[in-house]
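Same chain, two partners: chain A is paired with chain B first, then with chain C.
Let's look at the complex of A and B:
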């Protein structure tokens, strides 16, 4: 086994051995796709948007993956900060620790996305399966970046998790068709991914430019997470 | 991995270490000067103590030497291999004792056979073999501390830095700890032990005291 596989495998096991993570992995997608989706349309109407039922159900699978990946990335960084630094200073180095963390976050993100996709498929069917799966993965990647970024900036678990929820809530309620449009809501990180998921759920194709834009934001999320894990594992200034 | 230095060669030389911490936001922003030019030298085959009051900067000095903290000034000439046992075990709650040895074996560039041998030897020496497959969250404070110490020793470093290493040890383990330290010192390892209270002064070759950010012989 290579050092990379050893480190990444250990970090995945660390998360998988938290029983609450496994419970949330099942219940969060069900909650979002079955319950949250039904009230999302009502919120949209109140905010001046016109989110249809099918679109709300589709996009909720993306929100489930986003929420789980954001919180997992935050707690992965927050709870293991000291041990990761010790491992890095023992000779592994911050980049290799960060690479192991990213690999673990992506494995968990893929698992979370698969559960969210399966829940969506069981709930309402998916008209365009590969597109929907890819769009949910993009949600996951973006929130791995956001969760890790908050983790490196905020040390307190309560404060950090509240900020993850706040960012998530702002993102959800300024998503496509949630408001009458315009302003800052056009620049939320998951905007393109949400458009893609709504289109895929309804069986519509999306232009290549939308895919490129969403992929670029997802790659940015992974890059931010990589830097956040590196910053967490390296020597501190104070 | 064997220590390659000869007895008497310096394995750690730190000069003029300066470190401040900045806390709070304006207008309540405060700067706390912890180290104001601390010097430290440890030679191969030497057991050195570093004492000082709570908050005097002992752990800060040690973390600078290890590389966990950046220094504001001064020079550190680190050894070729270094083992560090932090004051509080820096470990992963959900991983087992054995998985910790495997991870740190990778970090120290040991091969599988060397890692397995170090794991078996240290589990036996510190007498916690039966906890090999236990997760850290299932261990008592004293057993966690045994693992904390074992992880610092497993690559047989030239310099061993121990920050309050025996907190939580029972009396037998405490005595075994000193026997282990003396055996390694006699084999050529340089050892620095940090404590706010060193009861075993007779066992040490030299003692530094950290007073007002500077080290003085005690």
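Let's look at the complex of A and C:
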């Protein structure tokens, strides 16, 4: 456990060595929630959605966590591939490297989610605080999975970052916050998480099916990220 | 163009052709973002202020047609700029050590950046044309191209100054703030605040909005402002690229 904590801690410190990364991980969720949320209500109405302002503020916190964590997981996997193989070959093994990477991604995801949540709470209050906090974390977990999956499939950094943007745009424009339903809306990865966050922002309870759906997709995201980091860390010969 | 510059340019394009996914994404990302956003926007009436002060009644759908291309071009061009700089950091120093002049190596990179930006601008204009017809295509296209040049250069500078992750975050932040909110007539009272002119995308964005909805409007000031940003940032990007690839350690 101590060795694992050391490895996971070193992966977190790897990001902390670039202070600007940390500054942006803290600043961008604040920006998204404070500034972007003020116009999201108008934007959603123009796109046929029906978000009230408070619900729009809530969904902006989820989107901030999603984009930042997806990009982070992509670059984490993409830039550490060679180092992770060496770590695994040197005795740590691919599973422990993958678990350490996931733990580091979740710690940073929790940081981003906490900042987004606190900003949300300070800006407009949260009717259902635990619901909103969990829903934002679910956004982060789902995008850690998506970012890691893109990272293991695509080696080029430009290609990978453009695919993260494309997936994010598809998710946002097809999500329940921005459309009145139908089409892709039922299949977007963060659909249930968005429903939870919108409900929490609007002071409504969510049905159990939304919680089960969101938890299942988040668990799937973490499992996919685990496999992606494992595939990336194992040596070519094994 | 010298023989060595031509060779470096050919190699840089060959490098891009080896990665067909880049080409596909340079087309797919703006095409999807623009078509999806315009197609799903409702025709809600909206009064906006044009450059020159005239007020015009339009719809949110047409407004999305006027501004979404700029946002898509800015974000894609900025990311291309970030990673062009990263490629220069990795490969072009070796060319300089092998005898190339820094100017020859970076000319090739800048041509690739310009070609990628031109492709994204062309795709964005074509997709926009499927849903929306501006009053004046000429001014609208100039605005779109200037957005690409400005944000391509900003991406290049960000790629030189910070890590890929930080540069990607910063470009998202800047594009969303500048073109997505501050200069966007879809929000607020339909006319950007005075301080919006401090942002690099203000000039080209106002050119696009004017070109989209006005038969004629005062172009010169906005064109001069946009050109100043484009020339200044391109010169800064060239200077940084020269310094980076010319460093021998």
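Details
Keep in mind that, in the parts below, the second predicted complex is superposed on the first by the 231 of 238 C-alpha atoms of A that agree within 3 Å, B and C clash if a C-alpha of one lies under 4 Å from a C-alpha of the other, contacts with A are read in each partner's own complex, and residues count from 1 in each chain.
The rule we apply is simple: contacts are C-beta pairs under 8 Å (C-beta built on N, C-alpha and C of every residue); 3 or more make two chains touch, one makes a residue touch a chain.
Every value quoted in this text rests on a predicted model; they were computed, and no experiment measured them.
Contacts of A:80 after superposition on the shared chain: chain B is touched, whereas chain C is not. Once the two complexes are laid over each other on the shared chain, residue contacts for A:222 go to neither chain B nor chain C. By the touch criterion stated above, A:89 is placed in contact with chain B alone, chain C being left untouched.
By the document's definition of touching, neither partner reaches A:233: not chain B, not chain C.
The partner of chain A that touches more of its residues, comparing chain B with chain C, is C.
Once chain A of one complex is fitted onto chain A of the other, the partner contacts of A:154 are limited to chain C, with no touch recorded for chain B. Once the two complexes are overlaid on the shared chain, A:14 sits against chain B while remaining clear of chain C.
When the two structures are aligned on the shared chain, A:134 is found in touch with neither chain B nor chain C. Chain A uses residues 18, 79 to touch chain B in one structure and chain C in the other.
Within the complex formed with chain C, the chain A residues making contact are 18, 20-21, 24-25, 27-28, 31, 35-36, 39, 42-43, 45-48, 67-68, 71-72, 75, 79, 154, 156-159, 161-163, 165-166, 169-170, 173-174, 178-179. Within the complex formed with chain A, the chain B residues making contact are 20-22, 66-70, 84, 86, 88, 90-95, 99, 102-104, 106-109, 135, 151.
Note for the complex: chain C touches chain A at residues 19, 21-22, 25-26, 28-29, 32-33, 36-37, 40-42, 44, 60-61, 64, 75-76, 79-80, 82-83, 86, 162-166, 168-170, 172-173, 176-177, 180-181, 186-188.
Looking at the complex, you find that chain A touches chain B at residues 3, 6-7, 10, 13-15, 17-18, 79-80, 82-83, 85-92, 235-238.
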